[in-house]
Amino acid sequence: MNVSIFITCLGDSYFPRASIAAVKVLERLGCRVDFPAAQTCCGQPMFNNGFHDDARVLARRMIGVFEHSERVVTVSGSCASMIREYYPGLFAGDEEMRGRAARLAGKTFEFGEFLVRELNVDLAALGARSRGRTTYHYSCHLRGLGVTDEAVRLIGQIGGVEFAPLGGAEQCCGFGGTFATKYPAISGKMARDKAEAIRATCAARIVSSEPGCTMNLAGACRRYGIETEFTSLAELIAESLGLMEGGGARG
Amino acid sequence: MSGERRAFLARVSASLGRSGGGRPAPPATPPPVVDERVVRTCGRGGESRDELARVFKERAARAGMHVHEATYATLGQVFADRVRELGIRRVVVGEALAAFGIAGACSAAGASVEVGGADAARPFEHLYDVDAGITNVQAAIAETGTLVCTSGEGLARGLSLVPPVHMAVVFETDIVADMVDFLVRLSGPLPTNVVLISGPSKTADIEGVLITGVHGPRAVEVVVVR
Amino acid sequence: MRMDDAHPLDVPLPYDIRPRAARAVADIKLQQFVGHATSSKDHGRREAFAAAFGERAEEVKRLAGEIKQHTLDHLDWYLDLFIMRAEAVGVRVHYAADGAEANRIALEIARSNSCRLCVKSKSMVTEETGLLGVLEGAGIETIETDLGEFILQLDHDAPSHIVTPMIHKDRTAVGRAFARELGVGYTDDPEKLAGIARDHLRAKYRAADLGISGANFLIAETGSIVLCTNEGNGRFCTSAPRVHIAFAGIEKLIPRVQNLGVMLKVLARSATAQPLTCYTSIITGPRRHDDVDGPEEVHLILLDNGRTEILREETRELLRCIRCGACLNACPVYRRVGGHAYGSVYSGPIGAVITPLLKGLENYPDLPHATSLCGACFEACPVKIDLPRQLIRLRERQVERGITTWGEKLVMRAWAWSLKGSWRYAVASRIQRAVVRELAALGGAAWRGGDGYADRAWIARGPGPLKAWTDERDFPTPVSSSFRDWWSGENRA
């Protein structure tokens, strides 16, 4: 299967390891991966803040960049949901663009979702092994994708991992894009509560499917002296398959 | 149509993108069909009457009502026991139950009994000092353990509301499986008041602590007659 | 527990949510009451739906939403039908374009019947119109009889939740209010407090000559008013006094009696995790010739008050709302800030959308933004209102109408510009990485890495746009090498 990786603007600069890991895992699973270099941003920040004309320009660009891709996979649940839930609606009244948007929406997947639903991956059969007490943060935008426990199932397939569920998993971490800086008191309280829930798991490592949440929660954990290491689902799987070194290997 | 009403409806029509004037047009499609396979929670498997009675009793108890069993022969006795056990001194029996010997049994158990009897001008007035009101029900819903009481001739809505204890007689044949079954029965002109009662009066307004009997009855005694 | 000295709903406009939100977040008691009550209700709701419907839960919600949507799509027809049927059974129907008119109509009815004592059951619509103050100002003693509302009335406070109005108060506040206002000895035993209220309110029911209620549903084909309560006060208010006035927004209609079952099945489960409320009353007209009891007059005041604006296609789905409060309980923001922080009668996600629509977007510019768009409300909603989409729509309207601040506009436009081309993006991305890393170095942050990255620093106190973020949590620097660097380094390009 041919897969185009969509790395997202945040992921490019702040969490490149997640997309690097995704490339390695997808290749290990037999996919041919390409990186359309013209990609920038899905337009979610503009869309969510009401700047829909700008969002439309960026959406049009994305639709063009991935027009000929067979599948589009991204390690960000929220960027996937932007494309899937909102792109077609941005072109109401323009049937041609709406159709193109819907075609992109139909072939775009979040990484964990893609592994489970499209590739029917069984990590245990591939000999995935890791270790340590591990918890998982469910990011809100997965709701819109209909993604529920896919990541937890994948983590469960990795030998040697002790899974510790996160309390209040359905509660938002308080990121919400510009919400975090517009309403820091509210956002900060949500982040703190989530950080304390992470502390309570006594996990050595927390897995996230969303760079935005990771940025927010890792920052909160640092602020409150919680030592749990953050990793993306893709990195955890890449490490468990021996495709990538663990913490601190590259920057 | 009055001018006020016409103007009010015209604003609604305008928001729906229809030009006003004259009566609104009927919908081209009927309301969505209430698909029983989707909404029904009880009676999905054609339960027997015994099974429905069992479910009703279980759910009524879960809703906080006290459930008792009787036959036509023991009905009076069950009420006499209730009267003694709860220390009921004054009771009003609904007129619709006049023929079932309940009044006599309560009286024999030491309560002063009144049948029906409301003052048209102040119909609740005689109920404020009464210990218990006894009513029949028009139906009972197994799904939720619900009693259905209606208004009408000889049917006082105050009896199930004002006294601290409401006692209700449910004949097994009154029990329907699900809300949808009850609502089918309800077609035709409705009585002035239909009340579905699912437990004693409750509140959790103070720190979420569940308290019964804040305005209405503190206890609901349900007597299911075979 | 009051947040302000002023009445909680008496707020200066345009309303700024930040001060109240910050105070609420720092209020440990509020965090406990509201946090605990909402999370237990939210869990209860999920369990109640799963137990009753299992896999079919989403289908039931879809059907409930379709019933409401169908009615709204043909609201003129169903209102007309309802009015005809209600009048046929003796209900006197009145029409109010706004809240003031609704209050005026109620007052006229009370005056023409020489009413002096009014018992009132809980109704969000009367909160919206501010009825209580109007009746009391006219010398008609008016008692809120819902226990929570009764306590709030004694304390001159306002409800902070659609279903559990005094979610922000504890038992000691109730004890103090009762001792002060009712002249009873102090107690904080909930059972005893409820008993005191019962005795006090029974005397009022006995003497009242006017009862006021809201309506949960109006049934078009029968002209019926449906009222769902747990305490029984709604039954008292609508059957003890000689005159009953019901207030209802025009969106309360459903077509048929058969549709009521679906709505009832989702309402109480969503609100309080009960299969049904203790009392569901279906009221069809005033007392008839054969009836033993019941009011001699039933009036219904149909209220528009901005609803016909919301009825327009784009926002119509909002009128499906059945005021169950599930979105409040599910909302992580509501859980932290409580209802009063929204500065209006309707709080939580549904309030954040309908308050700006009812009272002006320019007056409540914060409400569409004070949300992380997490979607918990959409998931909880029993009639499937897409609240996140509606919140985003309001943000779009703000931009269209130029209500957005110039600073935000500048940042967003510049950001968008930098993303509209590969070269712009490459340059902007490099500059951004360099600037943030330089800021970190200047601030003395250590390149201690972690989380798989060797050369990441964490900024603990950032300047300018980073300040708000770093007031609450550290900010990570970008790493020195991006994904693009890696991809070209691997010679894949």
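Note that the chains are named A, B and C in the order they appear, and that numbering of residues resets to 1 at the start of each chain.
As a working rule, a residue touches a chain if its C-beta (ideal position, glycine included) is under 8 Å from a C-beta of that chain, and two chains touch if they have at least 3 such contacts.
What you see is a predicted model, and the numbers here were worked out from it, not measured in a lab.
Novice: Going by C-alpha centres, which chain is most central here?
Specialist: C
Novice: Average the CA atoms of each chain to get its centre, and name the chain whose centre is farthest from that of chain B.
Specialist: A
Novice: Between chain A and chain B, what is the gap in Å from one C-alpha centre to the other?
Specialist: Here the centre of chain B sits 52 Å away from the centre of chain A.
Novice: Using the average of all C-alpha atoms in each chain as its centre, how far is it in Å between chain B and chain C?
Specialist: Chain centres of chain B and chain C, defined by C-alpha means, are spaced 30 Å apart.
Novice: Hey, what residues on chain C touch two or more of the other chains?
Specialist: Not one residue in chain C touches at least two other chains.
Novice: Among the residues of chain B, which ones contact at least 2 other chains?
Specialist: If we look for residues of chain B contacting two or more partner chains, we find none.
Novice: Show which residues of chain B lie in contact with chain C when the two form their complex.
Specialist: 4-5, 7-9, 11-18, 23-27, 29, 31-32, 34-35, 38-39, 41, 59, 63, 116, 118, 123-125, 128, 143-144, 146, 151-158, 161, 178-180, 182-184, 186-187, 189-209, 211, 213-217
Novice: Under the definition above, what is the set of chain C residues touching chain A in their complex?
Specialist: Against chain A, chain C makes touches at 17-18, 21-22, 25, 39, 332-333, 336-337, 369-376, 378-379, 392, 394-400, 404, 408, 412-413, 415-416, 419-422, 425, 429, 432-433, 449-456, 458, 460, 465, 468-469, 471-476, 478-487, 492-493.
Novice: Which residues of chain C touch chain B in the complex?
Specialist: Listed in rising order, the residues are 33, 36-37, 40, 52-53, 56, 59-60, 63, 66-67, 70-71, 73-77, 79-80, 83, 89, 93, 95, 97, 145-148, 151, 164-166, 170-171, 174, 190-191, 193-194, 197-198, 201-202, 205-206, 222, 224, 230-233, 235-236, 239-240, 250, 255-262, 264-265, 272, 274-288, 290-294, 302, 304, 308-309, 311-313.
Novice: State the interface residues of chain A toward chain C in the complex, per the touch definition above.
Specialist: Per the stated touch rule, the residues are 7, 9, 11-14, 16-17, 19-20, 35, 37-38, 40-41, 43, 45-52, 54-55, 57-58, 61, 140-141, 143-144, 168, 170-172, 174-192, 214-216, 218-220, 222-223, 229-231, 235, 246-251.
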